[in-house]
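Common to both upcoming complexes is chain A, partnered first by chain B, then by chain C.
And then the complex of A and B:
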C-alpha cells in the first residue's frame, strides 16, 4: 500500500480537494455530515500511518487508547475529589510515552523508539492541556467521540498548530451560517495557496537549492567564516518558510472543514524584541507553554509564597519554560543551549524594558531605534536558529574527523 | 453578493491555475523538433536538467554527437579540452558532455536509461575517476541531487527481476530512503524483491511517463549554461593545423602561465578559491585513502551492463593524479596501481578492451589542471586515444558479462 505524508506533494492536495468537496457543499447548505468527516479523517490517517509506516499506525492506536483511558479515569476521579498529587501523577503518566520517545535516541545513539509516531508531541500537548482543564473544572463533560475527533484531527495531526479542546469542540458542534462559512472558505483557500508560495517556492529556494552549497562551503572553511554567517540566515529563512507554509496548509484545510484552528505565525521577523517574537513565532506552541507551564509555575510559586521577588519568579518561569522546550525538541546539547539562550535573551529583554520604563526621558524612541530593535531581534533569533540547526555540532565532528 | 459570485471569486483563480498547469503538462501539443543550436548548447552545458533529461540526449545521438561520460574533469574547458579540439579541427564527431561534479557510476547508469536505442552499436568515451571508488561509493546527497525520476519510470516499464535490476533497485532504495511511498517507490520495492509489477502499476507508470516526457521536452532546455563563447575563445588559442608536438608546447605554456601562485602546479583560480583556505589541513591527510574496496565496483558494473546491452563500443580513460599533490597529501601510489589492476580486470575479462590508462602520467608537468582533474597536456594525451578511436573503424566488441561483479565478494576483494 502507498504511504503519503501530509502536504508533501500535489497528489495529496488533489486528494484533499476531492474529498473535502462534499463537506464544502454540505456547509454551503448549512449542514454537517459528521459520518463523512469521520470517514475521510480515517482515510487520511491510514494514508499517513499505513504502508511502510504501519508500525507507526499501531503505535498511534495503542497510544490513543492508553491516553483516552487515562483522561477518562482522571475525569471520573476529578468529579469526586481534587488531590494535587493525583493531578501531577496523571500529567506525568500522560507524558511518559513522549518522554520515552525523546530519550530513546539520546541513549541508543539516534535509534528511534518503537512506540513513536509522527506527531506524538502535538497530541501529547493536546492531552496535557485537556487534563489541566479538567482539573480547573473548565471541561465539564467527557465525550469519547469528540475527544477522538479532537486528538486525531487529521489536518493538524503531524505538526500542529496545537488547538484547545473546548475551542475545537465548539467549532465541531457549531453550524456556521452560509455567509460565515464562505468567509472561512475564502481564507482557507487563500492560506493554502500562500502556503504553496512559502513551502514550495521560497523554502525550496533556501532549503533545497541554497543550503547544501552554503553548508558545504562552511564545512570546507571550518570555524567561523562568512559562509557560516550565510548558513545562519539561509537556515533561518528555510525554517520559517517551511514551517509557516506547512502551518498555513493545516490552518487552511481546517478552515475548509469549518474548524478555526489557531494561526501559528504572525510575521515573526517584524518583532521588536524577543518577547514579542515569541508572541509571533510558533504561536500555538508558545501560548501552550505560556498558559500551561509558565503561568501555572508562577501561580504556584506565588500561592505558596516560595519566592518574594516578582522579577525572580518571572525569570525562573522563563528558565523553566525554555529549558523544557529545549528538552522537548530533543535531548542534544544544541537544543538545550537553544532553550537556555532564549531564556537568557528574554530575561535580558525584560530587564531592558524595566530600565527603559524608569528612564523614559533619557532614552530616545523613534523610527530608527525601532528599526534597530527589529534588526537586533532578527539577528539574535537567527543566531539562536544557528544553534538550533545542529550545524555547529556537524562542524565540530567534521573537524574532529579530519 | 450571491453565493455563486463569491464561489467564483474564491475558486476562479484556483481553477484557472489548474487548467493552465494541466494544459501545459498533458496537452498533445509538443514543442518543435529540438534545434541544432539547442543540441550544441546542451552538449556543452553539463546542466543537471540535460543530464537527467531524455529528449535532448536522444536528439543529439541521432546526430554525430558522442557521449563523453565523466565527472568534474569535463568542466575543465581549456584550449585542449575534447570539445574544443573536435570543433577546431572539424572532427567527424562532437562530444556530448555527460557528467559534472558529483556524478559517479550509479548516476551515469540512471541517466543512461533515458537514451532509448539511439546509441545502439555506436561509440562512447567514459572517464573513470579513481576517487569514486571510496568504501560507500557515491554520497547519498550527491545521488539525490541528480535523482532520476523520469529514468526510474522508463526503467521500471522494462525491468525484469534480473540480478542487475535487483541490484539497481536495492541501491536506489539504500541511497534514497523514503519517508513516504507512491506507486513508483512500491514498484521499485517489487523489483528489489524479485517480483514483477502488477498490471495496475504498469498502467499507472505509463501515465506518469507520458507526463514526465512532456515535462522534459518543455523544461529541460531552458536556461542552460552557455559555453559556446568560451569554446570559441579557446579555439583562438590553437594553431590552424593539428600538430601534436606544437599543441603539446602550447599546453605546456598555458599550464605554466596559469599555475603561478602555488608550487604544486595547480591552476591559479582553483588554488585561490578551493585549496588556499584549507590546504594546510590536507597535508598527509590522504595517507590511508583506499580505492580498492568499494560498492562502486558493482555500480560501475551496472554501467558496463548497459553498454553491453546496447552494443556500445567504449573507450575508457583512467586519469592520473597530480603527483606533487599526491605527495603532499600522502596518497599511496601503490594503492592506485592496485586500483588500476582491479578495474582493468573487471573491464578486460568482460570484453572491454579499449582502455587508456594514464595513471603514470601524473608526474608530467601541466598534465593535470589541478589536483585530480585532467587539463592542458593531459587532454592532449587523451586526444591521442579519443581521435583514432572515434574516427577510425573499430572491430565489433564481444562482451561476456559476469554477474560476479555484483557480489560483495568482488566489492571487497583485495587486489
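And then the complex of A and C:
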C-alpha cells in the first residue's frame, strides 16, 4: 500500500482538492456530511500512517485508545470528586508515552522509540489541555466520537496548529451560513496558495538551495565566521517559511472543512520585543504553554502565597515554561539552552518594560527607537534559532573529528 | 461592582486611563499581561466573589474594562 506524508507533494494536494469537493458543495448548501468527513479523515490517516509506516499506525491506535480511556476515567472521577493529586497523576500518566518517545533517542543514541508516531506531541498537547479543562469543570460532557474527531483531525495531526477541544467541537457541530462558509473557503484557498509560496519557493530557496552551501563554508572556516552569521539568518528564514507554510496548509485545509483552526504565525519578525515575539511565533504552541503551564503555575503560587515577590513569580514561571518547551523539542543540550536563552531574554525584557514604565518621560519613543527595537528583537531571535538548529553542535563535532 | 472593578484595574495597571476609557484594549496596550491576568482573577475572586478558572479565561472576552465588568456581572447573576 502506498504511503504519503501530509502536504509533501502535488499528489497529496490533488487528493485534498478532490476529496474535499463534496464537503465544499455540501457546505454551500448549508449541509454537513459527517459520515463522508469521517470517511476521508480515515483515508488520509491511512495514507500517512499505513504502508511502510504501518508500525506508526499501530502505535497511534494503541496510543489513542489508551489516552481516551484515561480521559474518560478522569472525567468520571471528576464528576464525583476533585483531588489535586489524582489530577497530577492523570496528567503524568497522559504524558508518559511522550516522555518515553522523547527520552529513548537520548539514551539509545538516536534510536527511535517503537511507541512513537508522527505528531505524538501535538496530540498530547490536546489531551493534556482536555484533562486540565475537565479539572476546571470547563468541559462538561464527554463525547467519545467528537473526542476522536478532535484528536485525530487529519489536517493538523502531524504538526498542529494545536486546537482546543471546546473550540473545535463548537465548529464541528455548527452549520455555517453560505455567506460565512464562502468567506472561510476563500480564506482557506488563499492560505493554501500562500503556503505554496512559503514552503515550495521561499523555504526551498533558503533551505534546499542556500543552506547546504552556507553550512559547508561555515564548517570549513570553523569557529565564528561571517559564514556562520549567514547560516544563522538562512536557517531562521528557512525555519519560518517552512513551518509557516506548513501551518498555512493545515489552517487552509481546516477552513475548507468548516473548522477555524487557530493561526500559528502573525508576522513574528515585526515584533518589537521578545514578549511580543512569542505572541506572534508558533502561537498555538506558545498560547498553550501560556494558558496551561505559565498561568496555572502563577495562579497556584499566588493563591497559596508561596512566593511574595510578583517579579520572582513571573520569572520562575518563564523559566519553567521555557525549560519544559526546551525539553519538549528534544533532550539535547541545544534545545535546552534554547529554552533557557528565551527565558532569560523574556526576563530581561520584562525588567526593561518595568524600567520604561517608571521613566516614561526620560526615554525617547519614536519611529527610530521602534525600528531599532524590531532590529534587536529579530537578531536576538535569529541567534536563538542558531542555537536551536544544532549547527553549533555539528561544528563542535566537525572540529573534534579534524 | 463597576467602581470596584475599575479600582482593581487601576491598582493592577497603574494607569488612570482604565477609568476614563472603558473600551481600552488592555492586552494590545500591554497594560495587562498573563501575570496581571492571574492577579486580576485572584482579585475578582477575593473582592467580587466570582470564581473564574484559568481555562474559562478567553482573552477576547476580557480585553476591555467594559467587557470585564459585563463578564463579572453575568457571572454574578
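Convention: the second predicted complex is superposed on the first by the 402 of 402 C-alpha atoms of A that agree within 3 Å, B and C clash if a C-alpha of one lies under 4 Å from a C-alpha of the other, contacts with A are read in each partner's own complex, and residues count from 1 in each chain.
Just so it is clear, a contact is a pair of C-beta atoms (placed from the backbone, for glycine too) under 8 Å apart; a residue touches a chain by one contact, two chains touch by 3 or more.
A quick note: this is a predicted structure, and the numbers were derived from the prediction, not measured.
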If you stack the two complexes on chain A, which partner ends up touching A:5: first (chain B), second (chain C), both, or neither?
-> first
Scan A:352 for contacts with chain B and chain C and give back first, second, both or neither.
-> neither
Could you look at A:333 and tell me whether it touches chain B, chain C, both or neither (first, second, both, neither)?
-> neither
Who does A:51 touch here: chain B (first), chain C (second), both, or neither?
-> first
Check the residue A:313 against both partner chains and state whether it touches chain B (first), chain C (second), both, or neither.
-> second
Complex contact set, residues of chain B against chain A | 3, 6-7, 9-11, 14, 141, 145, 178-183, 185-186, 277-278, 281, 285
Taking the complex as given, what residues does chain C use to touch chain A?
-> 14, 30, 33-35, 37-39, 41-42, 53-57
So, in the complex, the side of chain A touching chain B is made of residues 2-5, 8-9, 11, 28, 48, 51-53, 178, 182, 185-186, 189, 193, 212, 220-222, 402
Note: in the complex, chain A contacts chain C through residues 132-133, 136-138, 275, 290-292, 294-296, 298-299, 302-303, 310, 313-314, 317, 353, 357
